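Both complexes below contain chain A, partnered by chain B and then by chain C.
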Partner chain A sequence: MRFAFTDDQIAFRDAVRELLEKECTPAHVREAWTNATGRIPGLWEKLTDMGVVGMLAPEARGGLELTMVDLVLILEETGRCAAPEPIVETAAFGVPLLERADRTVATARTLVPWADTADVIVTEAGRFERDAVELVARPSVDGARRLFEVRGTPAPVDGDAIAAAFDRAVVGTAAQQCGLAQRMLDMTVEYTKERRQFGVPIGSFQAVKHHLANARIALEFARPLVYRAAATLDPVHASMAKYKADEAALMTARAALQCHGAIGYTTEYDLHLYMKRSWALARSMGDGRLHRSRVGAAIL
Partner chain B sequence: MNVAVCVKQIPDPAVPGSLSSDHTLDRSGKLILDESDSYGVEMALQLVDAAGGGEVTLISMAPNDEVSGLRTALAMGAAKAILVSDPALAGSDALSTAKVLAKSIERAGDIDLVLAATESSDGYTGTVPAQVGELLGWPALTFSRHVEIADGKVKVQRQTEAGYDEVEASLPAIVSVTAGVVEPRYPSFKGIMAAKNKPVDKVTAADLGLDASQVGWAGARQEIVNVEQAPARQAGEKFEDDGTGAEKIVAFLEQLKVV
Partner chain C sequence: MDLSFSPEENTFRAECRAWLEVNVPRPALPSGDTRAGFTAHLEWERALFEARLAVVSWPQEFGGRDASLWEWLIFEEEYYRAGAPQRVTQNGIFLLAPTIFEFGTPEQQARVLPKMASGEQTWCQGWSEPNAGSDLAAIQSRAARDDAVGGWRLSGQKTWTTRGAFCTHLFGLFRSDPDAERHHGLTYFLVDLASAGVTVRGVERLDGDEGFAEVFLDDVFVADADVLGEPNQGWAVAMATTGSERGLTLRSPGRFLATAQRLIDLYHSRGDDPQLRDRVVAAYIDAEAYRWQTFWTVTRAVEGVRAGAESSMVKVFWSELDVRLHELALDLLGPHAELLDGDTGAWMKGYEFALAGPIYAGTNEIQRNVIAERVLGMPRR
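What follows is the complex of A and B.
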């Protein structure tokens, strides 16, 4: 058995990375913070045309019949650039659940991000059509990730199907956290090579190196768990992945903030776009407590 | 309508390039599609689409049987490629390159139009498209910012300093396009998967009927005698602000005729 990604999977990832590097820059994400929807105009259509959104759909429904292993690297990329799009909610959660790729799906356990721009909203209560619900906007730490309370009468959805969809979304969110951690680490490594103090780059100080090394180790330990969970889709594996990926992202965010110093606190600097997304995702699709208890219940 | 596109595979510009001991660019690593060529590929796909039939053939000369950049263009939708890879081609100057490309276009056969970028992003000679046109005996229209085919002719808007000239030529012809002539598409996943199975015709200089003395170091009429670092940017002039700082800035801007 080969425990590595195929050339195709790497090629898909590279294609998505190239697209996002041009179409989802920090400037785009910053703009999404203040525009009408929190999303980047035109980006969803480009991701759809490329085949990202419908990857897991049956071929007869315009999809590619690929698997979570194919999708996981791509979701990592969407995390790396903090793409403000319901891509986990649609590509990982909604498309296989609805067995169709032409509807944008919003989902959450509590407050639903981007619910106002979705066609279908799915919560634990069931399924809502967008035009049949009342949405109440709620504040979010991440200005591009607009949150809504959903009020309405849901149609029932099969519980097992929802559970499986939830686990895919858990893995997808974990993958995004890995991408976010990588981005914040990369930014910080660059910054500490340029920022000088006492006549030398601050990255040459051991105390700064330790922060960055700790972040790197956390990320390298989280990634294999995420990839394994994508392959097995085992709920316990998914929980392990989410917990460790959240931990890596939160630790990297903290180290990044520390190493950047005062500039890291400013909203004029890009770090906060990624840091706040990682905070938001750590509480999305189950927080640490939920995932620890799922792992605990399985091993005790 | 069949369109050939000359595409160059170049070292990733994001990675600092290095020179070999013979002053040529080190091309031993992975090569990617020159971004300036993606405009030609997109233009070709759109022209073939508009014509309602035909296909796009890629023409490339690269060391070590490199196909990474070709796969990108094939994933965008090109049908097939001719790759000329031959150690005898090392050291080729612009004219030798043009000879290889012209012979490759003849090999492709039944080509109505050849597209190329204005210049490559690693060599910047900007002379190859006109040389290929001359070797083939076809009209060469350069610096095109808009291309259309009508009545068996190619009509282009040729970018000038003041605006553009409208130029037309009979087919077959070669046209070099500027960045921005069209917006290149992103390859789709289906395109990426299909690209693996598209034919790449790998040939040598001899296969094209070119004698080794005509190409590579042997045929080069240019010689790179030395390479020097570009001069470092001069440090600006520093003034301590003694209350007249604003006036000095204004005087400086006036001198530049900015204000």
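What follows is the complex of A and C.
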């Protein structure tokens, strides 16, 4: 038993983090809220060049032939910066499904984010080529998540392959939730150290400390389930991971907003970029109820 | 990342499982927090010791089998899976022993550890005092130097001492420098409770058992050989024990996995109430989360990373999980929840025991302060 990442895996994660800290800042995410695509111009190409998008593809198809264990850390980083890109949908879901790394994939069980800029769209109904569908835009609370209803005639897809792809996306989304929780927690800790009321930093108050301690505990016990699921790719493990990661992210979002007070309630402040992503992800790729019921079917 | 156990570890698991299947007492022993139950538990501890399963992670010379941390976790999983008795020796073997391994002299290790492993000597923890609970550094019990006889004379009162009425020995902190304040000037002592000047009074706990004691010390002589670590350095020595108490050694995942499994059995036996199904699943997932967080931590420990304030997160999680598991069992039992007899009476008793978890070993409010200040870096004041 060695339940840890290798130095190489950590180094790759750090390299991606470094890229995203430059190329996916809050300012970039804000820009995606208002631009035409909801994505950050040029970022997808940089992620592709680093090998992130094709990590799970065979080398012969331009991939790195790595595993979900390698990818899960990277996806956590994309959550940490709220990257407005279909990276889970492509790198975790689509690349192994299509066995190629050169097509951008959009997927969801119902409303599909970034469907308009993807090459291939996969829903529960089947597979669509982008130029053969009608897309109806719907507004998401997360302005960067461009959501679409997908209409058209799908091509059938192999049910087992789709199920496995869905489970990888569940794990990937769970990893993003961990990254989002970490980001919101870090922001809030920093804010409560700086913000002074009654002559002292608000972070010195026990009521504030306990909110953030609870968030930190939730993250501590969610992450290992996510990493375990990445290693086993067992559907039940994926469901446990998603449920606990959603819980950690939602709890952290609540605590972060409360500890920020009114400033966190504005859109001028960055917290909402991450909070709204966590709200959206918690109900996509299966919500807590669905995932607990999948676990229940296995254990009860 | 390798999530499999080795063939040797699987063999060890099979050995533990086979031995426990044959030897775990049926029906279950009476509560170890009563005098009669304590005696029955010591017989069980003796049987474990003779099978070299009492302290698997200790060196062979002290009664263990040099098991790795992984093997220790495997033993614990099998132990609780088998429904084996609570460990009345736990405060010695899990709280004091790690401190003796770290700070004890070779003479102390040879004298104390084998008898602790066999259950011949049983240890209780003498930390809390009437005016020092969460604020441990407020302790007032004194240790006065007696150079004439080469030792110390202890006076004062310890309280909430778990199984203090039945144990033979106490480990505790005493104020040895009367001019020092707070966590300075404390010394860690090993005290024979049969010594002249010791009076022990049992106190009935919430569950009706005499599981607590007050320990009064009136000029009790303790030799220099029974000082653990350096005089006046007791705080640092004691803090090594708090890490064990909060962290995984006291409450390994096996216990909660077993409780979650029993909860599932209870759920089925009560007719699969659909309104409680979701909570049963959530509780099971939490026990799994604890298991995998432990595997994560143990991997780091095996690679030499020592857990610090992170152990406070572990303590909050398992103690609140334990309460949730038992609350859910009582909800499944409905009007039968209050019953103390029959097949299900143990759940109420277990609930009462679980309610102590968020209080002992530093209340969860204190743990959350520690997490905020030492894990997250928030300001102390």
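Assume the second predicted complex is superposed on the first by the 299 of 300 C-alpha atoms of A that agree within 3 Å, B and C clash if a C-alpha of one lies under 4 Å from a C-alpha of the other, contacts with A are read in each partner's own complex, and residues count from 1 in each chain.
We take it that contacts are C-beta pairs under 8 Å (C-beta built on N, C-alpha and C of every residue); 3 or more make two chains touch, one makes a residue touch a chain.
Keep in mind that this is a model prediction, so the values were computed, not measured.
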{"item": "Touched partner set for A:5, first chain B, second chain C, both or neither", "value": "second"}
{"item": "Per-residue contact with chain A, leading partner among chain C and chain B", "value": "C"}
{"item": "Which superposed partner A:49 touches (first chain B, second chain C, both, neither)", "value": "first"}
{"item": "Partner chain in contact with A:196 - chain B first, chain C second, else both or neither", "value": "neither"}
{"item": "Touched partner set for A:289, first chain B, second chain C, both or neither", "value": "second"}
{"item": "Partner chain(s) touched by A:18 [first = chain B, second = chain C, both, neither]", "value": "first"}
{"item": "First (chain B), second (chain C), both or neither touched by A:209", "value": "second"}
{"item": "Contacts of A:64 with chain B and chain C, given as first, second, both or neither", "value": "first"}
{"item": "Shared chain A surface residues [contacts with chain B and with chain C]", "value": "none"}
{"item": "Residues of chain A that touch chain C when the two form their complex", "value": "1-6, 69, 185, 189, 192-193, 200-201, 203-204, 206, 208-210, 212-214, 216-217, 220-225, 227-228, 231-232, 240, 243-244, 289, 292-293, 295-296, 299-300"}
{"item": "Parts of chain B lying in touch with chain A, wherever the complex brings them together", "value": "71, 75, 186-190, 192-193, 196"}
{"item": "Residue numbers on chain C that touch chain A, as the complex places them", "value": "1-6, 9, 70, 264, 267-268, 272, 277-278, 280-282, 284-286, 288-290, 292-293, 295-296, 298-300, 303, 310, 313, 316-317, 365, 367-369, 371-373, 375-381"}
{"item": "Contact footprint of chain B on chain A as seen in their complex", "value": "8, 11-12, 15, 18-19, 46, 49-52, 55, 64"}
